[in-house]
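What follows is a set of structures for review.
Note that subunit A is present in both complexes that follow, paired respectively with subunit B and with subunit C.
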Partner chain A sequence: MSVDDVWQLRSVGRPQRLRDSSISSARPPPTVNRTAHPLSPILFTDPPPTMSLATYLSRFKSVSGSPTPSESLSLSQLAPSILNLTITDTPEQWTLYESLLLTTLRTGDDTSARLVLQRLSDRFGNSNARVMALQGIYDEATSSNHAQLEEVLKNYDEVLKEDPTNFPITKRRITLLHHLNKKTEAIAALTALLDLNPTDGECWSQLAQYYFEVSMFSQAIYCLEEVLLILPNAYNIHARLGEISCIAAETSGAGKEVEKLEASLRWYLRAVELCDGYLRGYYGVKMVTARLLQSKYSSATRTIPEEKVNKLNSVATVHLNDIVTGFEKNKKGFTGYNPAEVAAAKELLEADSSSS
Partner chain B sequence: MAQVVGQQILRDPALFYWILFPITVVMILTGVLRHYATLLLQSAPKPLDSKAIREQKNYLHGINLRTNANQIPLSSFTSRKNYLVAAYGAGSFLKDPDAKNKAPANPMSDPNGMDQMMNMMKGNMMMIVPQTVIMGWINAFFSGFVIMKLPFPLTIRFKSMLQSGVMTKDMDVRWVSSLSWYFLCLFGLRSVFTFILGNENSADQTMAQVQQMNPQQNTQQLFGPGQDPAKMYSAEAENLEVMVQHEFVLDGIEDRILATV
Partner chain C sequence: MSLPSKLLIAFSSLLLAHACYSAHEHSLLSTTTPSSSPAASSSSASSTTAGSAPAGSSLPLDMTLETLFSVSLLLLGLVLSGWELKPISLRAYAGMLESGKIQPDGVIGGKKGRGVFDALEERPGFLDIRKQRKEFTEWVKLEGSS
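The block that comes next holds the complex of A and B.
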């Protein structure tokens, strides 16, 4: 689980991560995840009482950016044993503490969260920007009504008045604004932040998400391109670009559709090129090619000839088939996929085979 | 000069306990002490204000655009390029746009630069003071002692290195004087310090020298004192402007994918 971004928590109720707004690291990591199979009965396996710091850390790392409730719960249950470890004051320890704070907040274990936060602020001081943001996350997650959230927001404003360069708090404030349904304000604040620091990929990807939510697709695409300038190998951003251009193609006027669909197809292909075995990428390739092969586009001018589109479609089908069967049989190299995504791929394949 | 084979000097074994050993221990202890003293004296780098951050990050933005231009479509690249070139040329990201045409400020009067220099001086003092004291101590108490014999022969060239402070012409190079032992310790204890204090210690002076050579590497400052951001911006604008070649990575991707199957 990445703890680097302050975005990942929503404010009220239990925080969760916005879908696919994270950025993968520059190197395409393997999609294979051998440590935590999503379907394994993680809930019933008691952790051995004496695990080392590194073991705990690897357990946290094995969980994806958007953990399922059961994964969160199993991690959150580690809280007492982690808190009982002696404090070694190593970077790993504090990373673990941060992840633990987020997990305990997700599952509603506020007492543990309080304790973790206390230890973090004891070590780094209350005025540390990061600790302040974590404190903010705690306040947001534990507030039960709208008025309390407004209070937290006011707090953020005060902090920022004193120190406008406190980036973690700025990000928290933007997320909170967005959550309180002040979307235009959130977008304005985020653009202001990006004017200050245009080399933060996380901000750009979040802005893309906000623009996407209000259906401003070309702006969203611009923002994602900006992310690519910072992280040229982020394959999930490529796939996201494909998704957004595909959706934008639907709403664009006649004549432009094929052009946009082809752009979308190319983004998806690039995602697949950067990371083979990327399910979202192949799903997109299959979906877009199927759409391009529809009879209403047969007369349109296209830059990718129809036979190639056909071939690409079958390539995607083969790969998706591999992934789905591999995942179902729990074959080595095919674990770690999101079960929901695999199910969607299966549905797509079945719909395809029944129609043809 | 003919070397006397098996030259024998009778040494008092107490030389080992009272000179060789103390010098080594003192050198190690000063190193450790210096490490902690440097840590104490180091002032945290001042956080930059928002204008300075804006100035630096927007400069990096241009560099990012230039290096990864091929990742985005040509039209996107051109619009960004035009925007950035215009903004860089107009100096709209500068900390103080009025200073654009002025001569660069004297680095000595720049408060940020002063800070940096103060830090450097502190570091230097941490090196110079203990070294002077210890060398004085060794010269006063142990000068002229021959304290050990190396177990292997050496060429005559090493004489000045191993026998400083002993003016005997005919002595075998294998004999080491106390002052030389001090120098050997001074330069050779690096791995010992790494063992005791970890990798990024400030006990070893070679490390400090490396840091002095490129002081910008460890600080947040992208523009060092004396550098004119306005000039760097216009240079970057020029770099962007002359970029004519643009090969979008997505061109022909369908053939690449089909070729791999």
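The block that comes next holds the complex of A and C.
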């Protein structure tokens, strides 16, 4: 299906239909996907059992915003049974549809995605900003070549010409610009968006990521500090600031290195203070204190006394040990940590014990 | 529920029941005394009027104290009975959420830890769907070849 077809389909918005039957009579039932989908042998091994709306929603909520491929796959397999549920027109239902749309697009189940999107636009109308953004995501995902993506970008520009305050579409446009490797344009568009809407933490955080990718560390740090002005308790942003300061210390001149490492340590310490047992925070504290204790830095340039750094290092070691052993023994209250992060912490602990 | 608090609740309930029973018996006693001797002499009349005075004021001090004591013990027992209190500080709550000890609202039976501010790093508004799609197809190829 070309992009033009998709945009035509979009404009064929019929009046609101809530019943499932009218759609399934007009289109093949969703179970037909089994044969239509290119990945059908892997995607549809056994028919998923039917569950209630709340159970489905809970499964979608339990994975993060960027799920692993296997998580996406198992969620995407729920598509036929979710589409067979009667439409109740509750907020939960539409939240579930939105997540399902993204998941099916991730796994390439475009037929189900098309159906979900159709139902969403039937309910909320084609001119709803959020539906427009979802439509844009669909178009981006199903474009097969560069020219089609440029076409989608042009469509975004047209929408924004009519309504410059359509924030979801503005964000889509910025993402697409970045994806098409127009990084400076993406940054310029994002700063323009932030001029219009300076209290959106998500935008500041995204801008920090873009600056970080082009190694403009001080700009990235500035953006994350703006996020902290909006959400002062965001401990993961504190940890991110610690990470970026630590990376910036590597590339900065010899004189500034200690200063930046100490700034990084302070960010990490605040993260740990805001969240009890924060693995990422303790990992950072341990890593940065270990680097500060290296003999190549003279004590004259330090503002944090050495015995304090030593003490912090041992405290972080104790906490990391607790988490790693708790996770490995599957103790209650330790099972939720990310296995990759725990493995990294274990590696750091082992490297430390072998060197000392 | 821990054993000491169980014992405390049982003991204080017993005490409360005893206090109620005593109070009931006492009120019966004070109302029946004059009726059992309707033709009492005028000399004892003063004592009967004192006995049939409003029950609250004439209730012996030990029963009042027993009631108050048993109720406060019962309350203490219930408060100490060891139900898990919900975390009210961000530090504790975020820590429990990160370590998977508790799950956010609407998630049933999940095991994975989540952060309170994860949305700031996932940024759903700036979702790069093509990148995620590519990752997925690469994963499928890898799974297929192995």
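General remarks:
By definition in this document, the second predicted complex is superposed on the first by the 305 of 356 C-alpha atoms of A that agree within 3 Å, B and C clash if a C-alpha of one lies under 4 Å from a C-alpha of the other, contacts with A are read in each partner's own complex, and residues count from 1 in each chain.
Everything below uses one rule, namely that a contact is a pair of C-beta atoms (placed from the backbone, for glycine too) under 8 Å apart; a residue touches a chain by one contact, two chains touch by 3 or more.
The model shown is predicted, which means the values in this text are computed figures rather than measured ones.
Because the two structures share subunit A, they can be overlaid on it, and in that overlay subunit B and subunit C fit beside each other without clashing. Of the two partner chains, neither subunit B nor subunit C is touched by A:Y297. By the touch criterion defined above, A:S72 lies against subunit C but remains apart from subunit B after alignment on the C-alpha atoms of chain A. By the touch criterion stated above, A:L312 is placed in contact with subunit B alone, subunit C being left untouched.
Of the two partner chains placed by superposition, subunit B and subunit C are both touched by A:E273. Put simply, more of the residues of subunit A are touched by C, taking subunit B and subunit C as the two choices. Once the two complexes are overlaid on the shared chain, A:F124 sits clear of subunit B and of subunit C alike.
Of the two partner chains, subunit B is the only one touched by A:L196; subunit C is not.
Measuring only between alpha carbons, the smallest separation of subunit B from subunit C in this overlay is 12 Å. Residues 273 of subunit A contact both subunit B in one complex and subunit C in the other. Put simply, subunit A touches subunit C in their complex at residues 39, 42, 54-55, 57-58, 61-66, 69-70, 72-73, 102, 105-108, 133, 137, 140-141, 143, 167-168, 171, 174-175, 178-179, 201-203, 205-206, 209, 227, 231, 233-237, 240, 273-279, 323, 332-338. Within the complex formed with subunit A, the residues of subunit C that make contact are 90-92, 94-96, 98-101, 103-104, 106-133, 135-137, 139-140, 143-144.
Residue ranges on subunit B touching subunit A, taken from their complex, read 47-50, 53-54, 57-58, 60-61, 64-65, 68-69, 71-73, 76, 249-250, 253-258, 261. For subunit A in complex with subunit B, the touching residues are 164-165, 195-199, 222, 225, 228-230, 232, 263, 265-267, 269-270, 272-273, 304, 308, 311-312, 315.
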